[in-house]
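Paired with chain B in one complex and with chain C in the other, chain A is shared by the two complexes that follow.
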Partner chain A sequence: MLASQLQAQHHLSRFSLSDPRVNILAAGIFALVAVLLTQWPALMLLLGLALLFNVMAGTRWRSVIKRLLAFETFMLLLVLMLPFSMPGETWFRLFGLSATIEGASQALTILLRANAVVLALLALLAIREPVSLGYGAAALGFPAKLIHLFMMTVRYIQVLGDEFQRLRNAMKARAFEPASNWHTWRSYGWLMGMLLVRSMERAQRIVDAMRCRGFDGSLYLRSQLLWRKSDSLLLLGLSLLALVPLVWQQFLE
Partner chain B sequence: MAHIPEGVVSAPVLITGGVIAVAALCYAVRKLDYAKVPHAAVLAACFFVASLIAVPAGPSSVHLLLNGMMGLLLGWTAVPAIMVALVLQAVFFGFGGPLVLGVNAVNMALPALIVAWLLSGALSNAIANGEQRKIYLLGGFAGLIGVVGTATMVCLSLIASSAAYLTAAKIIAVTYLPLAIVEALVTATVVGFIAKVAPEMLLKTRVEQALQPEEQGNAEVL
Partner chain C sequence: MNPSISIKAPLLSVTELSVSYTHRSVFNGVSFDLYPQERLALVGANGAGKSTLLRTLIGLNNQFQGQIVGFGQRCRQEREFQQLRKKVGFLFQDSDDQLFCPTVLEDVAFGPLNLGLSADAAQRKALQVLASLGMIEFADRITYRLSGGEKRMIALATVLAMEPEVLLLDEPTNGLDESAQQRLLAHLDGLSQAMIVVSHDRSVLERLATRAVLLEGGQLTKAVMHRHPHEHLHVHAEDRIAAGIHEQEHR
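On to the complex of A and B.
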C-alpha cells in the first residue's frame, strides 16, 4: 500500500501511451502559462482545461479528490487571510476587520492557479510510470547522475516501503498503538533508525553487486524512446490548448 | 506543510529560488561520486518513506521532514536527494509544483546543509568519545534546526512574495511548533540508535579515512 504504488490509477489513454517527453514538456508549458495568467476568468478556463485533461487521461475521480484535499488545507490558510490583509476597497466587515475586493480577487486567482497546476500534473505526469518519466527527462538532457539517482530512488521507495510495512507489522503484532506519548516517538525513532541502518547496508550490497558486474560509472538507459508523428501532434494540441487562456487574457486587457 | 503550492510566491522569489537550487544542485551532483549514487538513492527513498508516516502529536498528527537527519547522514548529497524526493512528491502526490520546485528545494536543503556544517563534526566527536547525552542532544538539535529552518524559509519566501501574506505566514509558523518538538524527539532517538548500532554512518573523519583506499579503487574503475 504505502509508497509501493506511486503511479496514479487511470484508464489507458493517449497520455499514458505517448512519448514521456510529450507529457513533461506539456506539463512545463501548462505551469508556465498558469504563472503568467493573472485574471480570474482566464484562470477559470485554465482550470477547466486541467479538468478536461483529467477526463482525457482517464484518471479516477477518487485520486483527483484525494490529491486536492491533501493540499487544500495549506491553500485555505493562505487564501482566507488574504482579503483581510490586502489594502483596497472594502468588500465586507467581519469582527471589525475589513475584507477588500482586491484581496478577495487575489485569493481567488491563487486558488484557481494552484488547483489547475495540481490537476494538470495529475493528468499529464502522475499517470505515467516513474521510470518512463526518468527516460523522458534523460532524453530531454537532464544530467545523467541525477537521472540515475532518480531511477534508483524510485526503485528503492518500493523496496523500503515493503520493508517499512514489515517492521510496522512486527510492531503491530506486539500490540503497538501509536498515540501522543514518549513511547510512540521513541518507537518510531527506533523504527526509522532501523530502516536507515538496513538501507545503508543494502546500499553497500548494491554497490558491491554493481562492481561485480563491471560498473564503470555509467548505467545504460534502455533507450526505447521513439518520437512519432502522433507525439508531435499531441504536444502541439496540448500546447495550443494551454495557450488559449493566455490569448484570451490579452483580449480581456 | 513544507511544500509551497504552485502559483503562490511571486516571480522574483521563484527565480531566486530556482537559480540557487540549480547552482547548489550542480555543485552537489558534481561532488557526488558515482559509487555513492546507490547510497544517496537508498537514503532518499528511506526519507521519502519515513515522511509518509503520520506521527501522532497532541490531538492531530504530523509528517516528519527529516531534513536535519538528512544533513547529518548525507552532507552535500542531501541536496540532490531532497530534490528527487520533492520531484516525486510534486508529481505523484501533488505537493508543490514544477516551477516552485526550486524554492521548495532551497527551503528544505538549506537547513540540512546548516545542520551538516554546524553539527556533524561535534556529533562525530561525541560518538568517538562515547558521550551518550551529547549524542542525543545534538540529534535533537539537528531535528529542531531542520524544522525551524524550513519554517523560517517558508515564511520568508511568502513574505518576500507579498506583504499580504504576513498574517498567514505567522499562522503557518505556529503550526510548525508541534512538528518541531516531535521531530527533535524522534531525530534524537534515531541518532542515538544509529550511534549505537552503526556509528560509522555518522562518523565523519573515520569514514573518510576508511573510504580512501576504496575511493582509489573507484578511480581505477572509473
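On to the complex of A and C.
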C-alpha cells in the first residue's frame, strides 16, 4: 500500500530489490551521520545526498512531497518556538519576547537534519514492502517481540483503516458534516470509541483463532533472505556516500 | 440414513449446554451428537447464537453450563479443550481474524509447527495442503493483499494443515462471489471430515449437509431439509441475451 504508492510502478530500483538488511543498515548509518553533523554546509550536503537517494530509488516526487508536507507542519512548530525559547544574543523582539540567534541557528540545524533523515528514510525504507523490512530486522537480530509487534501492525493497520473508513462512510451517508460544534466532537468521540471497541473484539478473535491452531506463545518467521555480493557493494557505496559530509565537516573545522 | 453410522461412537457429544451473556440467555439445554462422516447443518436467524455455540464447543467461551464430550473425553478445562482443538478445525466467519502471519506459507505452517513438526516438515505440510487446494502459487504472497475469496481458501488451508477430524465452518461462503463460493464448496465437498456447517446459503446446505438442526428461541430442534422446485434469478449481460449466447450458457 505505502510502497506501491511511493514508487513508480515501472521503475523497480536497486533499493527495492536488494536484501532489506542493506536498506536498514544504510538508513542507520545515514541517521548516525546526520546526528554527528553540526555545520550547515555539511548538513546541506547531507540533504543533497538524501535527494540523490530518492532519485536512485525512483520515488515519485508527488508522493514524496505529500509526505514531507505532513512532516513539515510538525517541524514548523519547532522552528517557530525554538528561537524564542533558547537563551543567547537577541536577534529581534516580538510582542515582548526576544528571539535569539542561537535559537534560530539551532532551529535551522534541526530542520536540515530532520529533513535529510526523513528523505533518506523515504528512499531507503518506505519504498520497501513493510513485511520484508520485518524480515530484515529479524535477521539483524532485533528482539523477536518487537518484530512480531511490527508484523502484526503491518498486517492489521489496513483492516483497521478499512473499519474506520466504513464507520466514516456510515456517518457521511447520514448527512454528517464536520463543523466546530458539540455534535461533531461527540460524534467523533463515538467513532473513535467504536473503533477501539471493534479493535479489541478483533484482537480477541485473532487470539481465539491462534488458540484454535494450538498457539503456545511462540511465533515463527521463515527467513528466506539471501545476502549477495551486489548487496555488499551497494551497502559499501551507500555508506561511503553517507560518510562524505562527515569527512568534509572535519575539514571545515 | 445409513444405520451403520449410528452404531459408531460420536465424535462430539453435547448435553444440556447453556450459554448466557450477562444475564441474557443465548441458548438453553442444547443437546446433539456429531458422528463420523456426518455433515450437520446448523441453521437459525442472525443472532440466534450459532457462532456462540461453535465457539463454546471448542472452549473459546468458558462461561457455559452443560457437558461437552469430544472424542470420548469430557472437556471442562482449558487443557482438555486444547487437546480437543487439535482435532477440531474452526473456519472463522471473517478470514482476516484467521490469517495473521506476514505470508501465506508461514500462516499455513503455523498450526503444524504448534503441533510439534520441525520447520522443514511444517513447510512441506503447508505446501502440500496448499497444492491440494490448488493454491500453491499463493505460497509466497502477503496475506493482507489477498482478495476475500483467496483469503477464505487460505484460511481453509490453515485449518486443514492441522489434519483435523472434525470441521466447524461458520458461514463459510459469506461475502464470497459466486465463483469463489463454488470453488470453496467443491473443495469442502471433497473432504472426508465430519462437519458442522453454519450457513444461510441454500446452495451450501444443499451441497454439503446430511442433516440439519435449527437453533431458534434458545432451543435446538431437529430440522427437516426439503427441496422444492423454484424459480431463480440469473443475471446476464444484455448483449449476450441479444446474441442468444445465454441459451448456450444454460446448457
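Keep this in mind: the second predicted complex is superposed on the first by the 210 of 253 C-alpha atoms of A that agree within 3 Å, B and C clash if a C-alpha of one lies under 4 Å from a C-alpha of the other, contacts with A are read in each partner's own complex, and residues count from 1 in each chain.
Heads up, the rule we're going with is that contacts are C-beta pairs under 8 Å (C-beta built on N, C-alpha and C of every residue); 3 or more make two chains touch, one makes a residue touch a chain.
As the structure is a computational prediction, the values presented were derived from the model and not from experiment.
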Quiz item: After superposition on the shared chain, which partner residues are touched by A:Gly103: those of chain B (first), chain C (second), both, or neither?
Solution: first
Practice problem: In the overlay, answer first, second, both or neither for which of chain B and chain C A:Met171 touches. | Solution: neither
Exercise. May I ask you to name which of chain B and chain C touches more residues of chain A?
Key: B
Quiz item: Between chain B (first) and chain C (second), which does A:Leu25 come into contact with in this model arrangement: first, second, both, or neither?
Solution: neither
Self-check item: Partner chain in contact with A:Val131 - chain B first, chain C second, else both or neither
Solution: second
Exercise. Quick one: classify A:Asp216 as touching chain B (first), chain C (second), both or neither.
Key: both
Exercise. Considering only touches as defined above, state whether A:Met152 meets chain B (first), chain C (second), both or neither.
Key: both
Quiz item: Between chain B (first) and chain C (second), which does A:Ala139 come into contact with in this model arrangement: first, second, both, or neither?
Solution: neither
Quiz item: Is there a shared patch on chain A that both chain B and chain C touch, and which residues make it up?
Solution: 151-152, 154-156, 159, 202, 206, 210-211, 215-216
Self-check item: Touching residues on chain B, where the partner in the complex is chain A
Solution: 1, 3, 5-8, 11, 14, 25, 29, 32, 34-35, 37-46, 48-50, 52-53, 55-59, 66, 73, 80-81, 83-85, 87-88, 90-95, 97-99, 158, 163-168, 171-172, 175, 182, 185-190, 192-194, 197-198, 201, 218, 221-222
Self-check item: Residue numbers on chain A that touch chain B, as the complex places them
Solution: 2-3, 6-8, 27-28, 31-32, 34-35, 67-68, 70-71, 73-75, 77-78, 80-82, 84-86, 103, 106, 110, 113-114, 117-118, 121-122, 125-126, 130, 133, 143, 145-146, 148-157, 159-161, 164, 178-180, 182, 184-186, 188-190, 192-197, 199-200, 202-204, 206-207, 210-211, 215-218
Quiz item: Which residues, counting only chain C, touch chain A once they are in their complex?
Solution: 55, 58, 60, 82, 85-86, 89-90, 92, 94, 96-98, 100-103, 105-106, 109-111, 113-115, 119, 123, 142-144, 158-159, 162
Quiz item: In their complex, what parts of chain A are in touch with chain C?
Solution: 129, 131, 134-135, 151-152, 154-156, 158-159, 202, 205-206, 208-216, 219-222
